[in-house]
């Protein structure tokens, strides 16, 4: 008998690295999460629960198996070592970019995005950032720490500068964060209005797309560390994701802040799985 | 003292069988469920949690106690014996039909519907099927098995033939299932649009109505084996159910795929209870 | 070293009593709850989970720290002693009113409202009541008991009389409760339509505002004893709350029926926290 | 077809009342529970989960189907009406005793025992009480209330007097409760030592046996309102129960304080089911 | 960059098949489970939670990485197809045996053992069976079905005959099962007494060792479908497992009946992980 | 009316700081936890659930209200900032020591102990350490990090040197950790044997006592990040704790690694509460 090792992938994404156009990987890190940890379990959960999902999308009439995606598993990150983790993500993300492939990182808390954007901004000086989230994430420091889920967009602003960050769905933050946004980013409160205009404004410039799933209303997505009522519906998010994927010149992306264990029904993980499937199909088959 | 045995019914549905116009019963079976089992607990859960619901419907200004419904308890089915279970349901469902009563079966996984439709199709050769679901359920076989929750509508198609199956809310399936539907059934993707037209088309023909509750969005109904985001709201479903019950000549029906333990809040069971109450009132008092 | 005691408050509401314009307190009592108990845990839960919420509201562009609110902790109530509990709440609520402050009570089951309304009605003979709820709560007795979560609005009607109670969102009750409402209260079934008219009708008269959070759809708020599908969305509720707080002459209020343990995701508690934050900001900063 | 109503019993205990030697019934009441409610769900849970248990006991080589036991279902008690509930239990328990049958009541919180003991003490003036528990339950009042789970043994002492109460397993109480016990009851701290001596001392006098399952260590029985570490093992309890049932002249008994929802594994309910099975077999077949 | 696929193994058991002395694999099947399903999730759970365990055993002063074990992943079994599943396991188990390796199967429900024993008995006509369990599993049929978790030892008896089956820890069954055991097997009630004698009696004959983890007390192992109080402790089981592994000529084995989701603490999965680790070390390094 | 702020303490420990002999405080930090986070919730949980516990200990016949203990609440620590957190704990612990009081810290993960021992070792150069745990915690680094829950005893060894650390209950670690222990510490595998000898050996030297609650068997204490089967019982731990508190010259202590949310029954939190109560009574009233 010949037995092969037990390979676990998201929804059959088992392309060889060399042949892959897209590379999905997990960044299981949640050490700076201040309220409720647990996003470290996200990437394993979406792999496991992707068994409940079909590979075919009736929304796009296309199949993820045609998207040329490899699931490369999870990075082994050191909990408690915040600086080291961001650097490790930056290096890995950069390597995939250097190989001409499109990386899709599964968080983890939102801070993991910093490593990825550092890699992308290094490669693409014109980089714009599209940011879906419930929270501004624009603090300068959190309890004295510069690296935190609550400061990640502020750090990214330092990398890309004014006018390059487009934020949607924001409904939580300190007053000074909203004021910072008024001067330095394009921020849409509460919903996804203005997305078409933002995409027009961005044009052909390279885009990093960071999707914090807590933009969704907690009724749809309770499995997250800091549920913030008043968010968008699943269909609103799906349409926006397809719009971004269809129009923007995406060079890097991530989907983050699923904390699967807070939702024992598995509905939140199912939402994450479906969003990731649609994003991979949209980016990998266009 | 005189003490009577401890009778447990759904929401006071304690008509004697002879006097009943409708008969509710449970079919606790989930052996073919491929992802997450647990629908076997549905019928007991809705009986128990119906204590939290009133018998009166402000939607229909009518009371379930006037609907002439008997709750006959659960069938004792043999887990793992798929053929035997379908046959046992067929026999029981047929007996109720033969007595001129309207059966309402509480699943269980969706395969239980096959036994019921076999009984109904035998009695009503013109039988049409209205199918609310997130999934096509149109595979020919699943891992080699012909009897499965994933093949049940295909088996039903073999019984009733082309043009008799009307599917709504479908948002998951393999590509070839959607293609099969294009040729053989009427399939409405994602929502309940076109229901009025379908009811017109069916006219006075006898109808079996099978309601897979996962047509609902998982935000409303997370307590199911395979939550599929992007479904309808509770009010959309309720209106559609009342429309079907009001217009169609229903000769048999079922409500299935509640897996109550995945939703520890009980909200999913409350949804199922309310849908069943409204369906019984609509069918039993018209 | 100087160490101070460990003071726990809702979202930093740590005004001294003397300086406070508003006083928040908990009434952890659920002894008459007939279906599923657990609202006793609500006030502690919202204090604890308010750490996940910002003090600033982007909806009102205002901060709860400017609202002059003191969190006075919880009353120590005797479970099983229903009469005594209502009396104890009445006395405490009355003392706050006598000091010229606006009390906001966190239930507990809905019966706690009776103590508060007794105190308010004594002080304000013209008192009107705005009641958001899924349930009529208009029974005269429940299993023989006059004091019950299911009878609280009936008891309140005895205090304030016809035409003073305005009910919204109601979608559950016995037929005779809806009939009682037709004669004695203004009852809006299912939703919040007619709120503006009610506020006009009330005018400058003093208002007690009782908010049973199960007016929300269970998808938004599953963490409650008796989830009743078909309710309003979070944004619909938020807008209505701001409308009431903005227009009505509120002299007393409560937010009740959160049973946090039924929603392990914490989303329901987050909803309650946010509603309470917005209500305090709206009332305390206007 | 002939269909009978859906009768639910504990482990097949479906004797007719007239023929029964023992009568099991539930007293779902937990309104005075001060810490965590939920014992109201116990009787339904043990009925439902008794499906996982065999009717035959390899410990006693006997079968519950030979014990002549009827499961009479649950009393409908009014939550919040403490006096009324105790009176209702007393009347029902008394009626069963008057019919010459042995009642076994499933709590509910421990206060339900008071109603049963009142009935038994009225009939048997020589009544002794064997009390297994983690807690003394000997307060005179709790927050001013005379009727409480924390005062039930004190109330019982008022009925039966000094020297008639034998307490085992006690490991929690105020200092004054232990001092009260020294003068008025026989109290064994921590374990079941001295049980044989107590049984000898009681001799042929009639005995009420009240078994608070929290005598068990929380590792064995976490599903209770107030888990108190340091209790006995399952086998220690089982042996003690069989000893009591074998030697004492039991005229009434109860098993209480299962709060099944705190133990999602179902192990606590399984423990309760097995203890109740063994008790019924021991009493019903001797 | 070179990226390898994402291989998931139990506790680093990543030997190549050709080099392996032992082969671990999962048989995720629970279709005949009559009470509470969920053992299908066991093999994935122990792989995932083995991250919390060290590879080194202080009990045996040895490391699993020296045991020459390959984790071959899970069989893809068809839920609802009972016959086919048993046949598929038989074929796979037989292939590993034919390659001269020792298979360790992770259930799944206990019925999966039948496939493995069929393969082993075919190869080793002198096969004896050591059976640790809470339940006899000796019914001839269950609701008419010959293939069931409740009949698996009876089917195995038909394969190996009288005097070859040694059962330990048994504390649940119908009376006729215990009577069958008296004539045909060696059955030790309640505990592990007599194990040394059984091992002596078996001597050098080939042994299949089937370990149903519900032999453990539910306090130790609540995560199983049918918790049966009164079982052995973890240390008693561990010592017995090491005794069997040290003395018996084991040619095949399995560990079954973990249903991880019933124990949200993960303690049951940790118990299973540790038992499997110790068994692999004991068998693979001796 | 005069209303005081809402002070929350563990079991009524509300001494003023100046008058207190002991100071309890929480160190909610779990950023380096590699497997399952959640110990950050421990201190709040034991405060809240201490309502289910009496202040009087029947084991010691003494009351915690006589122990002169102040609950100072929780430190506000920065998740993700490992160095800063340890330093902050060191400073705070040192301040309490400097005021001549005995600090009892509630973790958090085990790394928090390092800050406390640094403070104690600075003050008491002869410091010995008694360490109860399932894990050696003797790695030099974990994924490159020197500061980790897995390295804390190694760091402590660097502070106090050979022969000063006494470890009990250890049943998990890499081989090299056990070898390190052989040379540098006194390590008792699996249980608490040898404790009396260790206490004799330590004599009057100052002792820091660090109690990782996962020394307990997971049946008793499942609510922890890394449950390790094979631990001690509650009574074994309680006796050992009282022995240590009675004999050793304790100058500092902590109780850590409760992760309350993994045990929804609350039994683990009850265990922690009771251990902390007994420790405070033993130290504060001797």
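Chains: A, B, C, D, E and F, in written order; residue numbering restarts at 1 for each.
One rule holds for everything that comes next: a residue touches a chain if its C-beta (ideal position, glycine included) is under 8 Å from a C-beta of that chain, and two chains touch if they have at least 3 such contacts.
All values derive from a computational prediction rather than experimental measurement.
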Compared with chain E, which chain's mean CA position is the farthest off?
C
Roughly how far apart in rotation are chain E and chain F when fitted on CA atoms, stated in degrees to the nearest 5?
120
Farthest CA centroid from chain F: chain B
Provide the C-alpha centroid distance between chain C and chain D, rounded to the nearest whole angstrom.
38
In chain E, which residues are in touch with two or more of the other chains?
217, 219, 263-264
Viewed as a graph of touching chains, is the assembly arranged as a line, ring, star, complete set, or other?
other
Could you list each pair of chains that touch one another?
A-B, A-C, A-E, A-F, B-C, B-D, B-E, C-D, C-F, D-E, D-F, E-F
What residues of chain D sit close enough to touch chain C in their complex?
30-34, 37-38, 40, 76-82, 84, 111, 142-145, 147-148
For chain A, which residues count as touching chain B in their complex?
51-56, 58-59, 61, 63, 217, 219-220, 234-235, 238, 263-267, 270-271, 274
In the complex of these two chains, what residues of chain A are touching chain C?
35-36, 170-175, 178, 189-190, 217-219, 222-223, 225-230, 262-264, 268
Contact set on chain C toward chain F in their complex
1-3, 5-9, 14, 17, 23, 44, 47-48, 70-74, 95-96, 98-99, 264
